[in-house]
Structures are given as C-alpha cells and as structure tokens.
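Structures incoming, each one as structure tokens.
Next come two complexes, and both contain chain A; in the first it sits with chain B, in the second with chain C.
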Partner chain A sequence: MTDVADLLERQSIVELPARARCQALLDSAGQRELLGPFERLRSPWLPKQDIVTQADDGVVIMRGTLGGQAVVMAAVEPAFQGGSMGEVGGAKIAGALACALADAENGTPVVPILLLETGGVRLQEANCGLAAIAEIHDLIVALRAYVPVIGVVTGPVGCFGGMSIAAGLCSELIVTREARLGLNGPQVIEQEAGVDEFDSRDRPMIWSLLGGEQRVTTGLAEHRVADDIAALRRLLGERVKADVQTPARLAATERFENLLAAIDPAAKATGESTREQFAATGATS
Partner chain B sequence: MSPNAVPRQWNTRAVDKQRRLDRITHLLSDKVAPRASIAEVLYGCITSGDRVIAEGNNQKQADFLSRALADLDPERLHDLHMIQPSVGRPEHLAVFEKGIAKKLDFAFSGTQSHRIGALMMDGTIEVGAIHTYIELYARLFVDLIPKVVLTAAFKADRAGNLYTGPSTEDTPALVEAAAFSGGIVIAQANEIVDDVSQLDRVDIPGSWVDVVVEADRPFYIEPLFTRDPRHITNVQIFMAMMAIKGIYAEHGVASLNHGIGFNTAAIELLLPTYGEKLGLKGQIAKNWVLNPHPTLIPAIESGWVESVHCFGTELGMEDYVAARGDVFFTGHDGSLRSNRAFCQLAGQYAADMFIGATLQIDPDGNSSTVTTSRVSGFGGAPNLGSDARGRRHATPAWADLADENDPLGRGRKLVVQMVETFQAGLTPTFVDELDAVTVAKKANLAVAPVMVYGDDTTHLLTEEGIAYLYMAESLAERRAMIAAVAGVTPLGRAADPAETRRLREAGKVKWPSDLGVSRAEATRSQLAASSIADLVDWSGGLYNPPARFRSW
Partner chain C sequence: MNQPMDSASPYGADWIKALTDNAARWADTPASLYVADTTLAKQAGTFIAVVPDPDSRYPRARAGEVGLVEGWGLAHVLCDIVAADAQTSSKRAIVAVVDVPSQAYGRTEEAYGIHQALAAAAQGYIRARRAGHPVVTLIAGKAMSGGFLAHGYQANRIVSLSGTDVQVHAMGKHAAARITQRSVEGVEQLARQITPMAYDIDSYERLGLLHARLDVAPEAAGDSAAVARVRDALAEAAADIGGGVDLGSRIGRGERTATARVRERMAAEWPG
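Presenting the complex of A and B:
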C-alpha cells in the first residue's frame, strides 16, 4: 500500500547540492562553514588546463551539532568535476579531520561525518589529489580510536577510487539503494577488462555487484537508508552518539584473505554468487 | 442490360480471397501455419502489386512477419504497396531496397527517420503521402483498402482469436479494413493456445483472421514513453510551474493529452506537489488521453487522475495498470486495452488541451520536428495539436477561448507549445524558415511537413513567459507576441520593447513575475519523484521498469 503523505514529505538528499545537504542535516542553530567559498580557495591546477574553478573547490566543510552532539561534516559536491578530489578540496577534508583529531585528543570530541559523492582523485591534479586522499585515510584511522567516523554514500554518482578506500576505513558506512561503492567505476573496469568482463551499460548487473543493497548484505556497509533527508538525519543523530564500532570488515582481515583465495577469477561473478562467497567465508558477520 | 453483356460478377473479392487461401490450405491445421512454412504462406496470399499492411505501430511491431516478407524473392513478389502507421524496423525499409515493395503510405517513422529520408530522396521509395494516424486509418476504408494485413498478438488460439491485450494499439483498425473487404489477415503470436478458453480475453474475433503463426521470438516493443525523472532540469520545472498556473489553472483544463518530452513529464510530477499547494486538485488535469506514462504514477496515487485512455501501452506498467482498473481501460482479465484510433479521436474531439514540445518554430508560430535529412512523419501530433472544427460540445476550458462578443462565437482546443528558446547545442528554437520547407522540396512532398500550424497554436510557453496567442487580433500581433517570449534568439532580440510592454499590459503576454512564479522555487526538490526508483515506490512496487532505467 502506497503511503502518499509519506512519499510527498520525502525530501531527496541526492537532489540537494553539497552545502544544502549539510544545512539540511545539521541542527539548524549554530551551523558554521569552514573555509567557505568567500575564502576563494581555488584549485591552482585547473586554470592551467583551461578548466573553470569553483570558489570552494567542490568541498564544503561545516561545523555544527547533530541532535546536540558536536560534529564536523565534509560534503563533496557531485556537480563539480564529478565530485573529484583535488589538492585543495582534499586538503580541506584532511584539515577538518586533523582539527577533529586534535579536539578528540583534548577530550572535546567532534564526530566527523563524510558525505562521499565522488569519483575519486581529480585526474587533472593527479598525485597532489592522491596525497590529500592518503592524508584523509591516515586521519580516519587515527580518529577511530576516539570517535565514530561516519561515511555516507547516497548516489547516483557513487563513491569510487581512493575515496572508496576512505569510505571503507570509516567505522560506520551508510548507503542508499542507489549508492554505488567500488574501487574502480564500471566504465574503468569495462575499459581495462573488456565489455565481456563488465558491461558498463548493464545497470542491473552493476547495482547487483556495487549497489548499496549488495554492500550492506555483504557486510561492506552497515546501514541502508532511504533517499530522504529526515530519515538520514534520524539515523545520523543516533549514530553520532553511539560508541565507536569496529565492524568485521575492519577487524577480520584474514577472512578477506580467505575469501580472495577462494575466488576463481575465471568464473563470472554475479550479485548472488558474491553474496554466497561472502557468507561462506563468514566475512559478513 | 444489353442482351450480349456478360452479367457482372459481384463477388470477385471473395473469389480471389478463396483462390489465395486454397493455395495454402494444405499447410494449415485449423488456422495455424507452421513457422517454417511462412514464406510459402506469404507467396500464396500475396500477389505482386498488392496493398499490404505490415503492422508497425508506435510500439508493437509485427516483426516476425515483416522479416519473413523481407526474405522473399523479389523475382516472385514485387511492386507491393506498403501501408504502415509506423515504419520502425530496419526490415520495413529492406523490402524497398530489395525491390519487393515500391510504394509507401505511412504516418510515422521514428527510429528509421534518417534512412527513410535518404531512400525517399534517391527514389527507392515512392511515397504516396505522409499521414497522421487517423487520417491513414480513414483511408484504409476509402482509397487504400488493404489486400493483406500482417498483424501481431500476444496470444492466438487455433481458431484465430487474438489476444492483443495492452498492445492492442492499431490492430482493430487495420484488421477491420481487410477482414470486411475480402482481404486476408495473417497474425503472428508469441504463443498459440489450443482453445479460446486459454486466452486472457479476445481482442480480435477469430472470424476476422485467416492465418496464425507462432513467432520465433516475442514481438518487439519499445519503451517510448518512459522519462527518467533524473534528467528533468530546473528550467523545465520552472516552465512546468508556469504551465500549471498560467494555463491549466487559468483556463480550468480538465481533459488533456501530454507530449512525451521531459517538459510535460515535469508537469506530471509537479501536480501532487506544486499543484496541490495551489489548491488545484479536482479542478484540473482529471481526464487523460495518454499512454501509461510512469511519471503519471504520483498524480494517480495522490488522487488527481480520474481516467486515462491509452493509445498503446508502456513496458513495465502492466501490473500497475491492471491494479488501477478504476483509472485505466482494462478488460475482464484485468489487463489494459489500448486502441490508438479511438484514443486519437478522443484527443482530437474530447480533450480540452494538447501540450507538447517541438524542435523549430517560425515567426508565425508554425512548428515542426522535421529537420533536414530526417523525415519522422506526423504520428498523432497534428490531430491532437489542432482545433477540431467539427466539435459541437462545450467544456469550460474550450469555451474560455471563445470570443464573448460574437453571438456565434465558439470555443477552441488549447494547443500549447512548450519550448526552451534554445535547443541543445545552442541552436535557436526560433528560425526564419522551418527545415520542413526544404525537406518538402528535396523529397518531393506535396505538403511541407508542418506538425502544428501557427493558427492552431493557442499558447506558446518558453522560459521567458507565456504568449496567449489565441488573443492575437492580427497576424502582426501574433508575431509580436511570439517574438516577446523568444528570449535572446535572433527573433527575440528583434522584438520591440514598447510593443512587448503593451502586450504585457493587455495580458496577452505574461512574464513569470506576472504569474507569481519564482525562479528560485523552481528546483528538482519540487518533483514528487526524482528517480525511477521513486516511481517504483510510488507504485507500491507494481511498476517494473525495463533494466536500462534501473539505478539500484
């Protein structure tokens, strides 16, 4: 039975730009953007390649509270350069995480929340972007000793490349069913391995392997949420106050080694077969 | 009667039909022909020079039979005169390239529009005329009476009863023309059952059908009417808001047809949100002449829609439609019954409004989707997008356009063109002369393929505003109104600002601010559904979109 009132009230996260996502998710009082667009922190590399820059380099950092808990939210803007991580945008996230780590060490915990709508490193900035991503990885691991580090992937851009590793390092990962999470994106896999291996236009196949539903079922993400601001806000409000979790995907590395050893790369993987393999090696629990 | 005259024989059509059927009786078991014998069946039933309909509809294609026809030997069978509502398959053109067919009368060419244009221009195809759908059906009963009809069904029984179900489309009109004029009807079916009790329902009675054959694969069907809400832009939402406020609400449009573009999909998705906010539910957009657009689901679920009659179906909408029998026309089996002939008539005579997009508009308001090298035909747009001169009943919206000072004043169908001033690639929508004029010369067409004439267009809506063209008192004024909403295209830049001001003051042209529509409000968050997945949620899981539209 369709709940019309509920459907009409839904406010899509995906439809909002990065800044509006932060504004809608944080408690309305006390929001403060750090290194906002008026700081004019632009990419120094894009103009050299005749690409128009953006005054926030496609990353929004916002301090505030969520259900009263102090948080810092970092949101990647999917509409700017495919949500790619450049030197400046990456450094903004790394800097925010470094501040959160200092706060945590001083006993005033600030919970980091990462809205990861990103194709990974910005190819035009190459190693400069990758260096920033490596810093982000390092800081997420350090932060996990003190506070939950929460990643959110909503779709439809998804979370790929080096930033998918950042997502994987989070102590909790929230996804929608339209989200996709994977190291290489479908087009990249098709280009490298051929269309027989991976047809990037076969949408049901792509989501059956990389989609939010599959990632939760196989234990690579913890929570599934509807593409709805209120639902995500509710869930985040609960998770920022919870104790730090160490999900199996972060702890039991030998399970994944067993899983890798058990996979026959010549056999065509399907959503179903992957679930079975994960279940058989106990990697989901 | 002179004594030596041979008495005229009055049943030559029936005799001829029997002679043809006698050639294939040995192949048939009841009315069923084995698939392998299809060439022999066609050679037996068709003679060179015959008028043949290969059912190509907007969506459903009798593709097994048209492939079989294209495989025949042009030495044995040639000079056929093909009649097709839609020329949508490569093999529809192969029969001309091989020399099996010579002449073509059609209505729409869709995906084959480039190739058909080339074949017309080099003389491979001799085109009788490019029609609208009901115009072509009409001629089947007057001067294009078919000898053989090749049609398609989901299921048939051994006696020739056909279940065409949601994809009934053109079949009744095409089959009737042959079945009652000594013609032969050959039907391909995805499945043949023994007995009529095994058919979901009978859409075409067996006595109208001469031969049935099981197809090698299910007939081809194209999801033409699925628009992914993901691709609707803020500009389209802005224009949709103007349409709802400045046209639907302004005139009280109760019954309507929508085009298939993203503009009108945006309107469908704004009814439950923006329309609801304006308090318009129950007053506008109640009775629809429309294929089962997935983007209409939220409006149906939130109680806006009283009825929908369909030209054809849409892939994935079968279960949803069957579960909404109060809204759609369905058979006792629950499945949709579409019928393009009736639906076109409904759209022409009983709908208050047609609203759609186009590719080019000239300074007089004539518009066309035909561009150089592309001959896409007319389909139904000219009928839906024109005033029905024979209409004699009044509805509030229709009557609202009447000249109240004229004692014989009659209302008008609202014909709305909704376009952005520039097409993709920054090509201006407003042009000095339609490409249709050039195409008519190159392809030797008697009539330039204009979709909707300027004098039929009552409203022109762009992102700049609405021109209420029906209020124009002269051709010069209509031109000024069109230029006033043509933005920064060359036509728009030539508009006289003083004249535009006068038109606004007279209420003949309205800017968004005149309508109280704010650009800042026009965001995708207004859409009742912003993705195909949302539409599935709205349908309670009944809508089953084709794989290519899934993103979960």
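Presenting the complex of A and C:
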C-alpha cells in the first residue's frame, strides 16, 4: 500500500536535472564539479547548425565521496538535446574515466558512477559522438579491473544507442521502473524496420520489453530502485564498496548462445515470452 | 514508408578471403562470422569479418548487420583467441575487416538485449587489445553506428580503403532526418558542411581517427597488387602499435581539437 506521507517526502530523481542529481547523491561535504559551466566548454559543432549550445555541453562531472568512498559522478543532462553525446560532453566523460583509471593504477581507487539519461550519439556531431563513446567503452572495461563501475538509468530519457552498450559494460546497473534500456530507440526501429516490426507509439509494449522492471527480471540490470533520491543514495553507498567482478550478463556468452538457439526470432516477443525464455535457459542467472 | 533495406554488401567477405588467401574458416562459428587464421608480416594473426547470411534465423540480421548472434559470436571468438594466447608473450594480431551496414533493428533484438550482445563483443576486442594483442581494423565498406562500435572501433589502429562505398556514420540518413526533425535533403546538406556529420571517408579522415587511408577501392579485392598493398599497410599499422594498449593515438589529431582540449583540462583539474 502506498504511504502518502512517505510519497510526499520523497525527492524524485527523474524530475531533477543532472547537476542537482549529483549534488543530492554525493556526500554534501567536499563536492567539486570539474569543467563546470563557467569554463564555457561549448560544442564547436552546434553553432554551425544554428543550434543553441549549453555551457556544460549537457554533461556534469562531479568528484566527491559517497558514504565516505571516493567517487566521480558523470551525469548526462536529459533536458539538453535529448541527453545526447557530443564531442565535448563525450570527452568530459572519457577524460574523467581516464583520470580515474590513472588513479586506480596508482593505488588510489575512485569509483565511477554514470547517470545515463541519454539517447546516445548526438546526431549533429555524429562521428565525434561515436568516437567518444568508443573511448568511454574502452575505459569502463579497463576500470572494471580495479573498481566497480556503476551505471544508473532512471528516466525520463532512458539509455539508448552507443551509451546502452556503455551501460552493458558496467559492473552493476541500477534502474527504476520508469527507466528504459535498449540499443535502438523506438522511433529509429520504426523508421528502419517499419511500424509492424515496432510501433514507437505503443508505450505499454515498449516498457514491457525495455523497461527497468523487465531488465532486472531478465538479468540485464542488477538492481531496481524507487524514483527516490534517498533510496538511490542508500543503494549506491552499498554498491560503491562492492568487490570488483565481471557481471553475469557479460560473462555468460555460452548461455546467451543457448538462449539465441532456443528462441523463435519470427515470433513477436512479449514481456512474458522473453521472461520465460530467459528463465528457461538461465542466460543471466 | 521506408527506404528499401540496404542490400547485402560483399566487401567484408571479399577482402577477408583475399587477405587470408582463402585460408580455412574457423568451424563452429555462426555463418555470419568469417574467421580465419593467417600470418601478418610473418606473425600469427586472426582475421574476423561480419558477413551477410541470407539464411539467418534472425531476419533483421541477414545483410551483414551486427545482431544478437553476431555480438555474442564475436565475444566468443575473441574470448577464445585471448585464452589460446594467454600463456604466450607473443600475442597474435587480430584484424577486424569491417563492412557493416548497421546494427540489427528489430523487436526480438531489443527484447533479448542486443545492447548487451554488442557490449560483449566490444569487451572482447577491448580485453584482447589490453592483453597485448595488436588489433587493427580495415574499413572495407560501411562502418556504421552500433555495428562499428561492436566490430572495429576498439582497434589500436584503424586503416581504411577509399571510395564512395566506404562510409562511417552514427545513423542512416532517413532515420537521422527523422530524429533530428529535418528533411533527408537537409541532412545531406549539413553533411557537406559539418565534418563529423559527413558519411564519406575523406571527412572521417579529417577527424584524425584513421591511422592510414589507402587509395584502394573496396571493389579491388580481386586485384593482387591492391591486396598486397593492403596487407602491407595492415602489417605496418600493427608494427606501429609498439606495445600500446589504449586508444591514446586517436587523441590530438585532426579536427577533434575540442576532444584534446577537454582531455587536457580534465587532467589538470582532476587532482584539485
């Protein structure tokens, strides 16, 4: 049953912009934003297309501690250009991860936490975004040898494109029910494959397949959390101290191959049929 | 409704056959993965291409797209390579021959986590590179979007052929037009003016991401002189790696000047 008083006291994550999310999640003392908006690191490509830039290019990097553990948080701003990854924003994340890797190699681990509200590559900077995302992938895998790399998808945008691959590379993924996680955005699939294949207006279908609930049930994400800053902060405080490990969803190659042999690709996948197939083949258990 | 599906492209299969001199394919890999061992400058090497499989059980991945089967298959192959060379200090070279029109777009693909399949493939290349395998990519046709992220973009060095069929991009023109709320003509117009929005390989080269662009067309896989040139260039690229395991050689070149500046300033601000 819903406790109304509890609901009223909750601070939603989904409703907060990227910087406020970082400020609310990190320990209040010792927060430090790197390459913040006053440095005016703007996209060099958007003005040439008459698109308004943002002084942080839609990415916030903040160092600090969480429950006393040194962390660096990288948050994509959902409200700027669909949370898309341009050259500057992508380089901010890759640059922060490269610094965290150097620290880890020198014995001073900093745990990266990625708040992934992103549609993937910013198409107005297409190949620069793609290149930055490849660099982010590399650094996440390299960092995982030293520290847990934690991905968080809460909504409202969800996590798509090359950044969904980044999510798939994280040690642990935390999602809300409102989150969506998938490679191709619904509109892109509809455009490329037709509305019979994927109806981008069918929201119940989309959440039943790509939603946070489904992704946790099928083992493609590890933790479900309420849209509540305090709850996410508690969970992160625990997970930043977790052991270094390769998650089952990245280690289970042969079980996924068995899953692919078992399913009928021509049958229209539903949330239920997908859950049954994952359970039957134990692909991520 | 839609533009016709990209027709299956033969360049990946043509070039891997030519470069490996028709060496035997690995058995037990999916039909859409062409894997063969050969030497590169007298060193052991394994070449990998994603090729069309018109009979694939997965209808959205029959034209050379990287789908669920290809993603997990690449992960499997790369894991086997790293394991086989784990005890030796001379790690074999890995060459990714790339002609991928895209990742697979489909409902089944999303439902069963194609993003995770592509993550596993990318991780395979990353782990191989960071274990000390020289990894070189040959762009022999299209290197598109998620398909390229899973197969090719994690190489230490990227070498490309030239010509109109050699393209790198994040999304096909029709879908890019829809998502950015432009016309297809508008997308093409911007692609001519904005370097990272272009599809052609010459523009891509200007971003500083290529180690070398060869003046060889993708249609030239039957020309033994052209094949020899490509083989030499791949060997040179592998030798150029010189033990490096990261992607640092891509930073600080070409028109990605903002990338270099942001990376420098981040490193300066990081310690506080």
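Here is the rule we use: the second predicted complex is superposed on the first by the 283 of 285 C-alpha atoms of A that agree within 3 Å, B and C clash if a C-alpha of one lies under 4 Å from a C-alpha of the other, contacts with A are read in each partner's own complex, and residues count from 1 in each chain.
Operating definition for what follows: a contact is a pair of C-beta atoms (placed from the backbone, for glycine too) under 8 Å apart; a residue touches a chain by one contact, two chains touch by 3 or more.
Small disclaimer: the values here were computed from a predicted structure and weren't measured.
A.B. asks: Will chain C clash with chain B on chain A after the two structures are superposed, or do they fit?
C.D. replies: fit
A.B. asks: Tell me which of chain B and chain C touches more residues of chain A.
C.D. replies: Touched residues of chain A are more numerous for C.
A.B. asks: Touching A:Val14, do we find chain B (first), chain C (second), both, or neither?
C.D. replies: The first partner, chain B, only.
A.B. asks: Which partner does A:Asn184 reach: the first (chain B), the second (chain C), both, or neither?
C.D. replies: A:Asn184 sits against chain C, while chain B stays out of touch.
A.B. asks: Does the superposition put A:Ala75 against chain B (first), chain C (second), both, or neither?
C.D. replies: Touch status of A:Ala75: no partner.
A.B. asks: Figure out whether A:Leu66 sits in contact with chain B (first) or chain C (second), or with both, or with neither.
C.D. replies: neither
A.B. asks: Which partner does A:Val240 reach: the first (chain B), the second (chain C), both, or neither?
C.D. replies: It touches nothing on chain B or chain C.
A.B. asks: Answer with first, second, both or neither: which of chain B and chain C does A:Val175 touch in the superposed model?
C.D. replies: A:Val175 contacts neither chain B nor chain C.
A.B. asks: Could you say whether A:Pro204 touches chain B, chain C, both of them, or neither, answering first, second, both or neither?
C.D. replies: The answer is first: A:Pro204 touches chain B but not chain C.
A.B. asks: Once both complexes sit on top of each other, what is the least C-alpha distance from chain B to chain C, rounded to whole angstrom?
C.D. replies: 15
A.B. asks: Quick check on my understanding: which residues of chain A belong to both its chain B contact set and its chain C contact set?
C.D. replies: None.
A.B. asks: Could you pull out which chain A residues touch chain B in their complex?
C.D. replies: The touching residues are 1-2, 4, 7-8, 10-12, 14-16, 155-156, 177-178, 201-204, 207, 211-213, 227.
A.B. asks: Chain C touches which residues of chain A in the complex?
C.D. replies: Residues of chain A touching chain C: 32, 34-35, 39, 41, 43-45, 48-49, 61, 63, 87-88, 90-92, 94-96, 98-99, 119-121, 123-135, 137-138, 141-142, 161-162, 164-169, 181-185, 187-189, 191-195, 197-198, 209-210, 215, 218, 220, 249-250, 253-254, 256-257, 259-260, 263, 265-270, 274, 277.
A.B. asks: Using the touch definition up top, name the residues of chain C that touch chain A in the complex.
C.D. replies: 1-2, 57-60, 68-69, 72-73, 75-76, 79, 102-103, 105-120, 122-123, 126-127, 130, 145-146, 148-150, 153-154, 168-172, 174-176, 178-180, 190, 193-198, 203-204, 207, 209, 246-247, 250, 256-259, 261-263, 265-267, 269-270, 272
A.B. asks: Quick one: in the complex, what on chain B touches chain A?
C.D. replies: Going through chain B, the ones touching chain A are 230, 272-273, 276, 298, 301-303, 523-525, 527-531, 533-534, 537-540, 547-552.
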